[in-house]
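I'd like to ask some things about the structure below.
All chains are identified by letter, namely A, B and C, in their written order; residue positions are counted from 1 within each chain.
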Amino acid sequence: MRIVSADTGGALLDGEYEPIGLIATAAVLVEKPFRTASLSIEKYSNPFDYDMSGRDAIKDETLLALKLAKKVKPDVIHLDSSLGGIPVRHLDDVTIDALRISDRGKAVWHDIGKELRPIVKRFWENTGIDVLAVGKSSVAVRVAEIYAGLYSTKWGIEYALKEGAARIGLPRYMKVELKRGILRGESLDPREGGLYGEIFPEVEEPVSIEVYPNPVARTFMVVEIKV
Amino acid sequence: MRIVSADTGGALLDGEYEPIGLIATAAVLVEKPFRTASLSIEKYSNPFDYDMSGRDAIKDETLLALKLAKKVKPDVIHLDSSLGGIPVRHLDDVTIDALRISDRGKAVWHDIGKELRPIVKRFWENTGIDVLAVGKSSVAVRVAEIYAGLYSTKWGIEYALKEGAARIGLPRYMKVELKRGILRGESLDPREGGLYGEIFPEVEEPVSIEVYPNPVARTFMVVEIKV
Amino acid sequence: MRIVSADTGGALLDGEYEPIGLIATAAVLVEKPFRTASLSIEKYSNPFDYDMSGRDAIKDETLLALKLAKKVKPDVIHLDSSLGGIPVRHLDDVTIDALRISDRGKAVWHDIGKELRPIVKRFWENTGIDVLAVGKSSVAVRVAEIYAGLYSTKWGIEYALKEGAARIGLPRYMKVELKRGILRGESLDPREGGLYGEIFPEVEEPVSIEVYPNPVARTFMVVEIKV
């Protein structure tokens, strides 16, 4: 089973450790034994002008996942939306209303479904690859989340090289480490069975990276970068 | 405190990593310091013809726990049913209806209560040992779950010796390892304080065992066995 | 960010591993990198005569936190009450009724709010330091919980020196270790990023300390102390 997935995560934090906006969307190809990505691509957002409603995130994720899927032809695409694994091409208005999710979730899907459903449907007609709204039960979604944290850290390093410093809030229970040019991210939840990711940020200047718990968001870590 | 408990777990998986049916029920005797079983017995089901409603599981578990309890005379028996620790002999129809559980849960207990209550009551009258519906808060239930995963893996090894290969889905966040004839299972949740189990599957032929995350069931591991 | 927080935890257990009453409230000063306390103070309760409604705990915690805050002048005070981070000085009757919490929680706050609100408001007027009901999302609250477990263990050692033995139930997923005069407590949840605490109990006689899972409260550990 070869799975493409995408997720958005990693936030620029203010002085009170509260998120200003999200930074990166990552799409990943996850193959057996399903612990990391064999390939990843990213897209950066502007955290200073970020739509926190979740609409932008799910659109970015779908489009980035399709971009990677066109290249690697997976068996299936997993989105980070916990709708029980329903194919997104089935999400017409009647089906959305029948879902057992919050009214806010329904409003988001009514809104973005109009735009995404034709795209996803055409992709399925052309390739036979389905886009499923599986959410948290997918390991591939979690691997994408770890990569979003890695790319957000990379963004933070570049930001710090310009601005002198950056504080990045990582996705839930993961840590990062920069060692010999490799930026490695690991899940802090051993129940997940050892999920991790690695990217190569090509940092030229020496930067100092400190990882510690976000005091106002238990189980979330902060990456503090100083040049 | 000497506790007997029983649980069912471990599933034969199809090519999409979805469960075909459950494999093993284990009953265990758990004594201080409550990290593993001092004794265990098992009963196998037919995963190709498995009742997924939960009725068979709870019956099998009760009967297997009583079988072990007859032998080892524990202080108490814990069942994997989260009804707040109520003695099963109290579960008449009126009491079941008053429980704060789902309607589906009530239907199951109305059904199996008729059969189990007289058995459990007689056992209590003869021995003074109570059967409590404690569920997830019991460490003994979790140890039984780990043993169910171990016996399912043993079943998977025997299946693979006949069929060439097997994919077993382990109970939640546990791993297994076969080393010098010992099949050892460990909880992947360190919050549980180091729960584990060991059985001796007496495998004659060399088999290859690989453990990795189930891609469609986060925090659940797959054991893939090849001969 | 310098945070003062307080929490109550650690219970004297009976022979069935059920709590008789809570033992210690700890107030802590938590500073960057937010993994432990730079200062802690404690207050002991009488576990044999303990109010299990939660009213005493939240009062003790608020007063002990204010006592420490007077000395160390933090930026903010975090209480272990999950009301979304609302300042306690805002908790008048109308606001309490509008909270999305249980009726039992509202009753407790109606009751203790009368007593605590004027104290907390005066403290804020004099110092500018706010007391927030943040609860479980605060790392400082969790560090206070770990220290409550440490002081409860210290209390248990002193109790065992008089009575011969003691069984203490620690707060959720933490362990303790006594080594070269240092009593160290560590979170068992790696997702929290390495939270710990240390106190110096000044034990003169040798005591034996055993830590193992509470059989009837999964993810909670027992400290058994023998002289």
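Methods note: a contact is a pair of C-beta atoms (placed from the backbone, for glycine too) under 8 Å apart; a residue touches a chain by one contact, two chains touch by 3 or more.
This one's a predicted model, so the numbers in the text were calculated from it and none came from an experiment.
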Request  = Count the residue numbers both subunit A and subunit C use at their shared interface, divide by all numbers used there, and answer same if that is over half, different if under half.
outcome  = different
Key: Cα superposition angle of subunit B on its copy subunit C, in degrees to the nearest 5   = 120
Key: Rounded Å distance between subunit A and subunit C, as computed from the means of their C-alpha atoms   = 35
Inquiry  = Give me the residue numbers in subunit C that touch at least two other chains, ranges are fine.
reply    = 189-190
Task = Sort out for me which residues of subunit C touch subunit B in the complex.
result = 15-17, 172-173, 175, 188-190, 210-219, 221
Ask   = If you look only at subunit B, which of its residues touch subunit C in the complex?
value = 1, 3, 30, 32-35, 134, 136-140, 142, 189-195
